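Both complexes shown next keep chain A, but they swap its partner, so chain B is in the first and chain C is in the second.
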Partner chain A sequence: MDIIIAILVTGLTNGALYALATLGLSLVWGSMGMLNMAHGSMLALGGYMVFTMAVGVGLPVWTGFVAAAAAGAIFGGLLYFGVVRPLLKSGGPGFETSVMIATVGISIALENALLLSFGGQPLSQPFAVAGSVNLGAGVMPWLNVTIVVVAVLVMGAMGFLISKTKMGRAIRATAQNRDAALLMGVPVEWTYLQVLGLAGALAGICGVLLSAVTQLSPTLGADPMLKAFIMCVVAGLGNLPGAVISAFGLALIEAAVQFGLGARWGFPVLLMLVIAILIWRPNGLFGRAQIRRM
Partner chain B sequence: MSDTSIKISAKTPAPAGNGMRADLAIGIVFLVCAIAAPFVIDSKYLIGQLIVGLFWAAIAVQWNLLFGYAGVFSLAQMALFAVGGYGTAMTATYLGFNIWMAILSGAVAATIFSMLVGLACLRLQGVYVALLTFAISNVLYLLIVTDTACYEMIGTTCRQFTGGPSGFSRFGDFGMRPVLRGDWVKGNYAIVLAGFVLTLLSSWVIIRSPMGLAFKALRDNQGYAIARGINRFHTQLLVFGISAFFTGLTGGLYAAHFQAIGPSVFSMNTLLFIMAIAVVGGTGTFWGPVLGTIVLMVADEVMRDAGQFRTLGLGLLIAVFVVLLPRGIVGRIGDFLTSIRARQNAPRQGD
Partner chain C sequence: MAENNTPALSIEGLSAGYDGPDVLHGVTLAVPKGQIVTVVGPNGHGKSTLLRTISGLTRRREGRILAEGREIHKLKPYQVAAAGIAHVPQGDLLFPEMTVYENLLMGAYTTSDHDQIAERLAFVYRLLPRLEERHAQVTSSLSGGERRMVGIGRGLMAGGDVMLIDEPSLGLAPLVIEQIYEVIAALRAEGRTILLVEENPARVAHLSDVMHLLDDGRVVWSGAPEALLDRDELLSTYLGG
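Moving on, here comes the complex of A and B:
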């Protein structure tokens, strides 16, 4: 019984974190066909922002959340003006791959900048919630509850933004068909900027929550980003609700395998499962086959 | 997405009839320089760097064959390299193979591994392939680093079957020390250079062969190529395996040259460096990876003085190159030459 509770606590916490990371990736992929390899380092950026605000400047911790979201959004904007816009304009060979390589470069640079300014030793995150609640057989730390609640609130806000607001409608229209959206008067470039800013803010908040359960280090985002990629792929790239479902599902499976077979096997088993799913459904569990014109 | 691929095919000038002569000329110049290098350079450090450069160039040539010509965006290149190196080290350590046999079996191991990866991944498209291959090489790395079960005891220390975090060392070398004594590095250089030339030649033959045409066709317009009877899965699996063989061979040579192989070869930074070489030189151009290696190795040496800012600079350099010169240096030169030729031809047509 206590093992089941431990699996649920770990799985749900990780699931919430993965879901937030996946959402940012999937949003950017779905609306502009861009795989943002710098997403992981943006998570680290968010984590370090809280550290700077709370420990460096001495402001209350909640300002750190705002700062993390703002820093992520600004970085997303810089990414748009520095990389995405020129690449879209030049129409070079395969936007899809060149933007991926360029963001890998940006990611390495950002991680290295964090390393140079904060040092490589792991720091502890000032954002923490003490205590835990007893569930009979097992314990559930309040920190994990907070993470899940914050993540669900952020996801809810995102869902509202995408489905109900004008901005969300513009994003969905651009995602469906860029040229048609452009012809209908949707400011596509402005929408792209919004999407990258939004994904950056999501990454910032996710980074804060993530570094509260692990520790702050420049490469803190690498592992969650890899798993977020896998979850995006399982869900079908660009499918937001599917991404959230598969994030929670895979995190629970991963936690169960880790408790059952040892921590070492969590990721390999996950990957086997993903490959099996992709052989069965090459466009992901929730993805629809694309019909391409020649 | 389909219209971008049409754009590529329109922008990539088909190699003209004299492309072969140009390749031959560049190849001879390169070979003469490469053979002359150890006679001119006396510094052991510089020769060592040249050898490292040849390793990177060989991997980049194979990655370029895969990505630039066949359009398979694989991020498992360093994993294949590592399988080659580990295969060499493990067969030499456990089975007592001599180093040449071990290198060959490393290359075969890399080919077999690539077939398994290819069977799992190549049914998918584009970014899906990139993500899965990336994930697979990460899993391989994690499994090696977290391996703690003792396989055999060496003195008082225990060695894991996969070598664990410390990897393998002292499993043999090229045997140049007793022959050339102080100049053994130059002997290693000759062997590595021979391996590189073999890699380069093989990729040239493949690109010029009917098979090369098939995967260029798949890259440029997949639907059309399939409609003309090219089997995408088989063709891409084949090129994946060939590229893996030579990448594994390079891995074996690397392990034999350094007499050590460890999990650090999996690092993202190495993969990034290889991709940077191909992108800076020009993906989908034959000499791009070679030129890219020269440019980046020189830039790396220059930035060595900047010490801690080296990685930062390298990352930014890659981003800047992708944004400003999307077809790389060689691609740019090619564009420039075709525009000159077009200008020369234009007035003649008017006569």
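Moving on, here comes the complex of A and C:
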């Protein structure tokens, strides 16, 4: 019984974190055909922002969340003006490849900037929630509960924004048919900027939550980024609800395998599962036969 | 020129193309207010390119495009839409995973006045009652004719001064084509200003105020629809020679 609670606590916490990371990645892919390889280091940026605000400046920890979201959004904006826009302007069918390579470079630069600014020693992050709930057979730390609740709230807000608002409609319209969106009067470039800003803010918040259960290091986003990418692929690239479902599902399976077979089996089993899913459904669990591109 | 005589849309010496050589060569035509002007010609002779160039999707090489006397050929596509040019593209280009209602709302993207949007929606539902029945359905699940109606409805939602309609009969069964042209006839009766592109001249002759025959990117004949069907240019354009 206690092992089931442990699996649920770990699985749901990781699921929430993966889902947030996946959502940002999938949003950017779905609307602009861009695989943002810098998403992982943007998670680290968020983690360091809360450290800077709370430990460096001495402000309350909640300001760190705001700062992390803002820093992520600003970084997303810089990514648009510095990388995406010039690559789109230069035209050609190679955007998807060139933007992937460019963001790998950006990722390395950002990680090293964090390394230079904060040093290589892992830091402990000031956002913490003490205590735990006793569930009879096991315990559930309040920190994990907080992470899941915050992640679900953020995803809910995101879901509302995308499905119910004019801005969200424009983002979906651009994703589904760029030329048609232009003909309707959507300034598509502005939509891209919004998408990168939103994904950046998501990455920032995710980074704060993530570093609360791990430690702050410049490469803290690498592992969640890898998992998030796997979950995007499993869901079908660009499918947002699918990405969230896949994230929770795979995180629970990973946790079950780790507790049942040992921690080192978690990732290999995850990868084998993904391969099996892709053989069964090459476009992902929720994917369409064709993904619209730029 | 008196204000009233300014055409809703006028095109002067327009040349345009994609990566290769020009597709349009010095096209000149005007769309007066409240009229349906039709451009006919065989496939691949530049009809869609003409509409895409007006909307700014295809690059103009030479010439001018004016809406109500104002130059719009330097605007970006979304600015052309905001300037009152509503484009109903060939093959619909709907937003496939959105509902009919959401597609229609996208048509009114440049408007933020809720009353105006509600008014236009009521008009579209009156003209195309089928869309109201299907308003919550995702457009990828509609039939070809219904999709075309969503495309036209979406164009109407823009409330633009001029509608560009690109070959609304394309790929539809004859019976459905008739329904679509009934809708366009209703718009004509409403006094809408439309630049219509169609491959088959006989189908649109009764709807048009003026027709232009486009052959290899050039306007080779312009005039009243009754006259066109007897002209030799028609045969030579369609059959070659």
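By definition in this document, the second predicted complex is superposed on the first by the 288 of 294 C-alpha atoms of A that agree within 3 Å, B and C clash if a C-alpha of one lies under 4 Å from a C-alpha of the other, contacts with A are read in each partner's own complex, and residues count from 1 in each chain.
Following the convention adopted for this analysis, contacts are C-beta pairs under 8 Å (C-beta built on N, C-alpha and C of every residue); 3 or more make two chains touch, one makes a residue touch a chain.
A quick note: this is a predicted structure, and the numbers were derived from the prediction, not measured.
Once chain A of one complex is fitted onto chain A of the other, the partner contacts of A:N177 are limited to chain C, with no touch recorded for chain B.
Touched residues of chain A were counted for both chain B and chain C, and B has more of them. When the two structures are aligned on the shared chain, A:N112 is found in touch with chain B, with no touch to chain C. Once chain A of one complex is fitted onto chain A of the other, the partner contacts of A:P187 are limited to chain C, with no touch recorded for chain B. Looking at the shared chain after the overlay, A:R169 reaches chain C, while chain B stays out of its contact range. Residue contacts after overlaying the shared chain place A:S124 against neither chain B nor chain C. Annotation: chain A has no residue touching chain B in one complex and chain C in the other. Residues 166, 169-170, 172-173, 176-177, 179-188 of chain A are the ones that touch chain C when the two sit in their complex. Taken together, the chain A residues at the contact with chain B in this complex read 29, 33, 35, 82-83, 86-87, 90-110, 112-113, 116, 222, 226, 229-230, 232-233, 237, 264, 267-268, 271, 274-275, 278-279, 282, 292-294. Residues of chain C that touch chain A in their complex: 55-57, 76-79, 81-82, 87, 89, 93-98, 102, 105-107, 109-110, 154, 158.
Across the interface of their complex, chain A is touched by residues 1-2, 4-5, 7-8, 11-12, 67, 73, 120-121, 123-128, 130-132, 134-136, 138-139, 142-143, 146, 221, 223-224, 268-269, 272, 275-276, 279, 283-284, 308-309, 311-312, 314-319, 322-324, 326-327 of chain B.
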